[in-house]
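Two complexes, one shared chain (chain A), two partners (chain B, chain C).
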Partner chain A sequence: MADIVIELQNVSYRYPVSDDYVLKDVSFTIEKGKFTAIIGNNASGKTTLCNAIRGFIPHFYKGDLEGIVRVGGKDTQETQLGQMAEQVGYVFQNPFIQVSGVKDNVFEEVAYGLENLGVPVDEIRLRVEEILKLVNIGHLRDKNPFELSGGQRQRVALASIIVMDPDILVIDEPTSQLDPVGTEQIFDIIRLMKERGKTIVLVEHKMDLIAEYADNLLVMSEGKLVMQGPVREVFGNPEYERYNIQYPHVTEVALQLQKSGMPLAFLPVKDSELAEALNLKGVVACD
Partner chain B sequence: MTDLVLQNVSFSYPDGTKALEDFTLTVKSGERVAIVGQNGAGKTTAVKLMNGLLKPASGTVEAGEWDTTKYTTAQVSRKVGYVFQNPDDQIFHNDVESEVRFGPKNMKFDSGRVDELTQWAMELCGISGFAEENPYNLPYSERKFVTIASVLAMDSDIVILDEPTAGQDKIGLLTLGRLLDVLEQKGKTVITITHDMEFVTDYFSRIVVMANRKLIADGQAEDIFYNEEVLKASMLKPPAVAQMAGMFHFPPGILSKQQLVAAILKHKAT
Partner chain C sequence: MKPNALLQLHPMTKFYFSLFILAVVLIVPGYWFAFSVFLGLVAISLLAGVFKEFIGIVLKALVSVLVIVFLMQIFFFPGEQVLWRWWIFEIKQEGVYYGLILTSRILAIGSAFVLFFRMTEVRDFVKSLEDKGMPPMGAYVVLSTLQIIPEMRRQANTIMEAQKTRGVETEGSLFVRAKAFIPTLTPLILSSIAGTEERALTLESRAFSAPVKKTSLHKLTKSRADRILPILFVLIILGLLVWRVVLWQTS
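And then the complex of A and B:
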């Protein structure tokens, strides 16, 4: 029996003073150690879903929560936010609001969470050093967080969460301000976290990277969970097209070829699979 | 007619960090230009110099006949509108419509024109349905459209968009594309910073590449994304389609899905 760490049962939610439900009867489970991507167009409920998982709904945002959210086997309604935060690390969508504002350099910013957890100073130093190296922001250590570019802040925000070593990482569009190289670095870090046994929940629009790294997809549309399953199954399901969400670029190319009468051995979701899917002999994929 | 001319411009921030070196660029009135490059390459500094938020340490920046050092930022922004990278640096009204209306009103346009520009800009940005909403209740991507609308409503000849594609879904990207076309029809100059290379090849004929505080290339997509030297120096990744074309060893030049599909069909036929 797989170890379920996140479980939602018939969850509906509306923000205070709002008549509309932003989550509508959402049910799913996530196994420990899996990398799940939440995709869907903007305002489909992705960020709200993240907030439900980390307990900010209903503890912080209030509003009406129906159904059950269990994280680590515990009902989040009965768990205090402080306890939740030790278990679930959350990286904000907008790096400009994550920075604490109370620390005047990057090293201390990254150390801030550990200070709050009461970790001994020597250990804080070691852990922060390790993470600065991992996230490739060592050269920014003495900079004021407010003087950083959007991309740099996004990396500092991620560092300040993974340094606390939570079991579950909920990451909301971590690469929106990053260049392609920076984006790949972030995905490499997320993969490393997965290899360390962390459970990853990621909101992201970059489907090429999702296809490359994620195990499972949750597809949101207008507050409903409309599709879920392994990445390849979801992108390969004709129903997906209906929601007007992006495909990986290679999948889109393959679908166009299929429409032009070219048979596909299977639907590719990674660039490196295209030649094989098309049965093009004599073509060497350099990937 | 407002050409934008930057000549040998250098700039350092007060803490001594060099941000731009010997930057020379002319953007003709009505042109559409994408600026690409890594985080920290100097893109945002370059565009802030264009609208007078920053003044050059050496070299000159001219918007039309105006030398930006001789005018205030408020004056220059009548000619050059700038949409900040972070929408929260820019929004300060409690509802979307007031936010969009503020610019044209502040420029003392007559009330009919203020109404007209406000409605036009909100519609173009797909936010007319949220006119009464508090911008901070909207998701990041829609807040970005609020800030774009509030700059468009000022009707400046030149519009600079700093990473409008960040966090946009498929619908948002289509809205941005349509907006670029409408602005072109109106004769506006648009300069856009973005990391989305598909967006660049879909909508821009001229691309400026920056690396290490300098302009290192300026040309059409084919010249940039098939130029190994430029790609290496800028650490840019070509659009996914160009990378796939490379796997099939197709001749250089493929940049759109249609081109790749056609090339594969032809390849299969032979």
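And then the complex of A and C:
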């Protein structure tokens, strides 16, 4: 049995002065080193769930939290917010606000978290250099963070977090401002982080990429965790259709083909599988 | 380009220098001295290569204040020797003398601090205060304010454009523009308040409140001059004080 790093037990939450629960009785566990994607339509509670994992709920946002959230074996209710920064890196949605506001250039901006963690200066320089190269923003190093475009800021925000080398990365829609090429690059970085043994929780709407990279899926709908499991199982489950969430394009196509009478060898979720899923039948038909 | 030795001084040294000027000008009597201190400051600004900005700010900010102060003094300072009189206004010898002393001192002290901020990056100054023990929270407040003001100006422009597309008149007479101000200002303030929440989260996720001692890429070094000059300043002030006391007792 692998290590469980994130564990939620019957978690319900409502924001202050709100009557409705945003999270309703959510329970799941995430094992170390797994890449888990949270999917769901807008306002289904994905970001709130991220906040709960990071400990911003209940430490920053008050409101009523029921149930237990354990990260790295410790109850987040009892951990201090400041202590969690090193353990859980959180990149959030709005890239325009994710700037420290005290640094003149991207290099120092990325270094800011390490300064706060008290890392020696020489080491900071090395680590920042490495991350700038990794995230492909070396050419921005002397620019003012306030003068960057949305996509550039998103990359700087991601770099600023992964440079701190947290064990768990919670990433909330990191590609909303990026073009397809930029998006691929971000996913490449996330995959690299996974290879380095990080546990990754990602909120994302781009199903094709999720199918390509993620291990497990958590499907949120109206505050409830309605489905969970390995990516292929979840997409393959007929129940998934009920929640009106997008399929990966290839799965969508395959399902349509299936409906119109073409049998499938299996349900493809990655682009590269489509041929194989159809081909088997195709070969038989030729005979 | 050769780095300027004066600009290279530690911010604290420059700050002590301003305090030193303040003390000296108050200790030494007479306006001739204070005016010559001002000339000295002008010379320093030339050497440091910040003359243009320095003199610009002094002219814009200080001179109007000085003129008002001087006029107040020459007309309203109580005295005997009337130099010139018109209707209820009288210029008195004592008033002129006191006005000159006051304005020369304000000029010297004010321009000493103007020069300080021309020669020192606020970032460096805040860093040196942090080294002296100012909490990082305070340092953050000062530095973020510096960056947020231009950011808010940009945002105000965006909001202004947005309101324009919604048909709010933003050009024309003063009254029209004043009316457009309110629909611009309200969203600006509201969005800034909303922004603070996310800013706080950003800082939190960058380990701002991590319970460890912070390090900094930004290092200030102290040269030999930085160690000697403050001592020199204190010695001169002490010397001047002794001189004043002796002068006062013998007279």
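Following the convention adopted for this analysis, the second predicted complex is superposed on the first by the 279 of 287 C-alpha atoms of A that agree within 3 Å, B and C clash if a C-alpha of one lies under 4 Å from a C-alpha of the other, contacts with A are read in each partner's own complex, and residues count from 1 in each chain.
FYI, a contact is a pair of C-beta atoms (placed from the backbone, for glycine too) under 8 Å apart; a residue touches a chain by one contact, two chains touch by 3 or more.
It should be emphasised that the depicted structure is a prediction, and the values quoted were computed from it without experimental measurement.
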Problem - Contacts of A:120 with chain B and chain C, given as first, second, both or neither - result: second
Handout entry: chain B versus chain C as contact partner of A:102, first or second or both or neither
Key = second
Exercise for the section: For A:260, select first, second, both or neither according to whether it touches chain B, chain C, the two together, or no partner. Expected result: first
Practice task
Please indicate which partner A:81 is in contact with in the superposed arrangement: first for chain B, second for chain C, both, or neither.
Solution key: second
Exercise for the section: Report for A:180: first if it touches chain B alone, second if chain C alone, otherwise both or neither. Expected result: first
Exercise for the section: In the overlay, answer first, second, both or neither for which of chain B and chain C A:42 touches. Expected result: first
Exercise for the section: Identify the partner contact of A:146: answer first if only chain B is touched, second if only chain C is, both if each is, neither if none is. Expected result: second
Handout entry: Where chain A meets both chain C and chain B, residue numbers
Key = 94, 97
Practice task
Show which residues of chain A lie in contact with chain B when the two form their complex.
Solution key: 40-43, 47, 93-94, 96-97, 147, 149-152, 173, 176-183, 205, 208, 244-246, 249-250, 252-253, 256-257, 260, 262, 271-272, 274-275, 278, 280, 283-287
Problem - chain A to chain C touching residues, read off their complex - result: 54, 56, 60, 80-83, 85-86, 89-92, 94, 97-102, 104, 108, 111-121, 124-125, 146, 160-161, 164
Handout entry: Complex contact set, residues of chain B against chain A
Key = 15, 37-40, 44, 85-86, 88-89, 139-142, 163, 166-172, 195, 197-198, 235-237, 239-241, 243-244, 246-249, 257-258, 260-261, 264-265, 267-268
Problem - Residues of chain C that touch chain A when the two form their complex - result: 123, 140, 143-144, 147-148, 150-151, 154, 195, 198-219
